[in-house]
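Chain IDs A, B, C and D follow the sequence of writing; residue 1 opens each chain.
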Amino acid sequence: MSESIDLTVDFAGLKAANPVFTASGTCGYCNELADFMDLSRLGGFITKSITPEARRGNPTPRIVETDSGMLNAIGLANVGVDLFIKEKLPAIAQMNTLVFVNLAGQTMEEYVAVAEKLSLRKEVAGFELNISCPNVKEGGITFGTDPAQIEQITSRVKNAVGGKVLMVKLTPSVTDITATARAAVNGGADALSLVNTFPAMVIDIETRRPILANRSGGLSGPAIKPIAIYLVHRVFTEVAGPGHIPIMGMGGIRTASDALEFLLAGATAVAVGTATFAQPDCAIRIIQGMEEHCRRKGISSIRNLIGGLQ
Amino acid sequence: MALRRLFTATVYRNCQIRPGYWRADLDLDSSGCEAFSEVQPGQFAELRVSDISLPPAQEVPANLRDLAQRNIILRRPFSFCDVHAGPKGIRIGVLYCVLGPATVRMMSLARGDQVSLIGPLGKGYTVSPEKKYALLLAGGMGAPPLMHLGEYIRARYPEVTPIAFLGARSLEHLPYDVHIDNEKGAYAAEYDRIGVESHIATDDGSIGFRGFVTQCVEQWLKEQAIQPEEAGLYSCGPEVMLAATVALADKYGIACQVSMERMMACGIGLCQSCVVATKGKGETGPYKLCCMDGPVFDGKDVVFE
Amino acid sequence: MSESIDLTVDFAGLKAANPVFTASGTCGYCNELADFMDLSRLGGFITKSITPEARRGNPTPRIVETDSGMLNAIGLANVGVDLFIKEKLPAIAQMNTLVFVNLAGQTMEEYVAVAEKLSLRKEVAGFELNISCPNVKEGGITFGTDPAQIEQITSRVKNAVGGKVLMVKLTPSVTDITATARAAVNGGADALSLVNTFPAMVIDIETRRPILANRSGGLSGPAIKPIAIYLVHRVFTEVAGPGHIPIMGMGGIRTASDALEFLLAGATAVAVGTATFAQPDCAIRIIQGMEEHCRRKGISSIRNLIGGLQ
Amino acid sequence: MALRRLFTATVYRNCQIRPGYWRADLDLDSSGCEAFSEVQPGQFAELRVSDISLPPAQEVPANLRDLAQRNIILRRPFSFCDVHAGPKGIRIGVLYCVLGPATVRMMSLARGDQVSLIGPLGKGYTVSPEKKYALLLAGGMGAPPLMHLGEYIRARYPEVTPIAFLGARSLEHLPYDVHIDNEKGAYAAEYDRIGVESHIATDDGSIGFRGFVTQCVEQWLKEQAIQPEEAGLYSCGPEVMLAATVALADKYGIACQVSMERMMACGIGLCQSCVVATKGKGETGPYKLCCMDGPVFDGKDVVFE
């Protein structure tokens, strides 16, 4: 019964204690969740998007709930890389888990600038390249839909990360996600993460205005899970799997069963986003649930499930 | 950072106090009691209401029938109208107004039901013990935390006299049991019960002072010839009312704290959804988080939108 | 109080009693819903997809529920155009509402063949060209993502419909929906309908297989509504509005408020799909709710709301 | 097409009958009573369960905790274990097995709660009045409609003797109150109460006949030396069991009706999600709709997958 299950996974050469990460923008910069979970039990942690300068982000309302989901238009609000290094990295150093810094910017140069400043910091295990944020006019999603630009930005940032792992985050809002995934791989991505949120809108019929001050925002949460699973599976079978590129799967994960669906579809690890808002210790519960599942099904290593869809 | 926890509470009672306004009393479990042992008025908790049943169609207010169908996933922030420590633990009161999918579901909470909470969260009001008067300005549903504050001051700061000024559009939007007395005029029984004098203001004059609650306070300040250092303003309500309160405080040089409301996805500093613009070097300074740096801010710091 | 509200809309020259239609594939061929509503009260009715030959469709399971949504992989099961004419048109003739026949096929010729057979039937007010079904290998979504093919098929079918209204149904799963919308308009579409379902997958973690026999299916229901609203609004502001092409908005509509959101976003009419399964008289309730909304807000004609987003 | 309606029922009672198996009794409103006045055993209704609260975490079976969190929107099909017309109207019994998000929520239905239903739907069993025996073959949760059928036959066809054969993997998967009697062997009290003889079969022999329920029937047919025209088979259960029943019916030349199960999005012929392959000219003939042409089909017509 108490035989231990091996939950570790190899993620682009990094050894994660288990496949469960917290998703960018939904878990703060560092130890915000420490009151609700032991952060060292996470497989890993992905910071909010960091830009070269501090950004105030969009006016409020920045979020609105939808059926089984929510829209956000935070607008990449963050303290900027310098303050991040000064104020947040010390706490990150104490977290004792794999930390990925999510990179954002308005131009290629900005992404590179952030990457360079962090490339030598041992607190940082890797980077997630956010080229798929639907909530900023500049940069963001426009980079993320054009394969040529994806390849170029990936290779430029890859040169700046000083050998650390570079994961490229894809938007689901494209005609053919295998084309964007392939472009990232060609540009030198060590891993892919998908999906980011879907551009979406909620209208207040009383005022006839969009609820969000930014008018539109990105849809996340359980609502999008079945689309995310489909896309992860396509990228795994057509791009990542053959090239042995690990996938960080995300989109609507709330339970261990959800996370296991992503692993079976081809994800090597998963990130929990919106669900953490409703249940701050959600990621830890998922890790426990995965372990129970393996025990019940007689699976000795979680790695046996990756891409295991029949 | 004060203690905050994810815990379970049990519904002791849930009832309508007047059309559209309800009150739920919740008994906290031991972990909740520990977390709430030092709760400040104005702090809040995030309630999980997504698992509660929808009341029968005929009990859902007609204007909310469509909204009520939404499947919800996020928690909702609520402050407390009172927090009582008894021999068996802590019981908190939540006064709520039914206006969307979450609060519609809350109507069907029944004694014994369990609710998940995260709290207490954010920063509450800071009482200035040297002021003679604590003037509590509540607009509409701004009532709950100020009721708690009134009781809190009565219990801990005998030198400070809390006086409540309760405003709303009209009588039926006042979430109180309003009485009229020859001597005291219109007052709220809830405040009377905790020994706090209260004044009522309605925009349409349907009861009490006719006009905004800020005008009602201003009249009182003048009548009583209050000196700036004698009083502190503690306010909670719609943003226009808070802005007017800050303007009033400025005019009279009175210290003022305001409790801000924002749509919150997390309540614990993860999502950056709840920002409040604050004054800074330039036009406006940095955004602060309503859920962590607030909901109660110094009136001087806030930039109203 | 009882002053009558004008709910009529002009949809590409057709006068609809109100803007509420039932969506293709979710309301049968003709009078299946008659036990639950007076069909003549509908703004209009869109049939299941009709192909030249009968199609059995995919094996079961063909549906699976998801959070606030469902996947379907019916596979365009239908009786074929000849049996449709023989067995269903007589009932359609009695329905006393605008009926659109949804056209599907594996090749352009097949779409044209169905259109021609129905082009002279007075029971049929117009056609909806389904080039966006995610559940069939041939035809379906591949036509629907390539602007050049969309323009070609639209113009060929337009020539076959004998002057009846031709509405082209767009898939949401493209990088730029304004490009596909514009292609349809260039091909001669009289109206656009959006959105069809999103390709998606649900995996059974116990068996490690997809739940659907077809492996993947199309996601519909309230889960997708905010994405659909966003896309309708984009197509309205960038393509349809300027060209005065009406939009049939759909995706997750369940209440009058939902329908009104679509009108404000730019839809001239809306179609109710998945929600009818949960509440068979849903469309009629929506019509009532729209009327109540107009009365409460002092709006004399529902047309004043179309595209009214501030 | 018989009468079918969208109507409301009120929960009279809802209780667990054994771990994992529950029974809800619902009182139909007047529209429902009208629709159900000619209901046939084997028909079903679509229940709306999306507005019901989730039971407290500790009452949700551990293996369903994840599934239970799904926000549901579709109705669910259920047949009836009995339909009783009383002076105040019609009460129907729904026996259900807790195995997913909808049935988990149904656990928290309480007396007085309202539930929306569409029904009665589909085609039920057709009783052959000339046959001496109606052999009811139930596998697992196949029980409910056959219980109704047994009672229905007892009430209307005195010449026909219903005999139930109830199978399951093992004792704990039998949704009955099983008794053992020296004379009758193992039998289900529920069938006894409606005057129907019953035989129990378990795959593992934990009670009654060891083996499949079809083997149990076959043994009985042989022992009793039944002639093909004397008996009709009415069955409901997992598809493998139905296929075995049809094979048995073929072998002995006995008429056989099977009740099929499919995932249904609508239950009323709108969506084509519930197809059943039927025999035709070629390899297989057209698909038929389980919700309209079924759920009860003539065993000869079905192609099992």
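Heads up, the rule we're going with is that contacts are C-beta pairs under 8 Å (C-beta built on N, C-alpha and C of every residue); 3 or more make two chains touch, one makes a residue touch a chain.
Bear in mind the structure is a predicted one, so any value in this text is a computation, not a measurement.
A.B. asks: Given the two chain pairs B-C and A-B, which is bridged by the higher number of C-beta pairs in contact?
C.D. replies: A-B
A.B. asks: Please compute the C-alpha centroid of subunit A, do the same for subunit D, then give the distance between them in whole Å.
C.D. replies: A distance of 46 Å separates the two centres.
A.B. asks: Averaging over Cα atoms per chain, report the distance between subunit A and subunit B in Å.
C.D. replies: That pair's centroid distance is 36 Å.
A.B. asks: Can you check how far apart subunit B and subunit D are, centre to centre, with Cα atoms defining each centre and the answer in Å?
C.D. replies: 53
A.B. asks: What are the residue numbers in subunit D that touch two or more other chains?
C.D. replies: In subunit D, the residues touching two or more other chains are 50, 70-71, 73.
A.B. asks: Indicate the residues of subunit A shared as contacts by at least two other chains.
C.D. replies: As it turns out, subunit A has residues touching two or more other chains at 66-69, 221-222, 257.
A.B. asks: So what shape is it, when you link every pair of chains that touch: line, ring, star, complete or other?
C.D. replies: Its topology is that of a complete graph.
A.B. asks: In their complex, what parts of subunit C are in touch with subunit A?
C.D. replies: 66-69, 71, 145, 173-176, 198-203, 205, 207-210, 216, 219, 221-227, 229-230, 233, 252, 257, 260-261, 264-265, 293, 308-310
A.B. asks: Please output the residues of subunit D touching subunit A within their complex, sorted ascending.
C.D. replies: Result: residues 65-67, 69-71 of subunit D touch subunit A.
A.B. asks: Which of the residues in subunit C end up touching subunit D in this complex?
C.D. replies: Residue list for subunit C touching subunit D: 25-28, 32-33, 35-36, 48, 54, 56-57, 59-70, 72, 74, 77, 221-222, 274-281.
A.B. asks: Tell me, which parts of subunit D touch subunit B in their complex?
C.D. replies: Answer in residue numbers: 50-54, 56-57, 71, 73, 108, 113-114.
A.B. asks: Of all residues in subunit B, which touch subunit A in the complex?
C.D. replies: The touching residues are 1, 4-6, 48, 50, 70-75, 101, 118, 262-266, 268-275, 286-287, 305.
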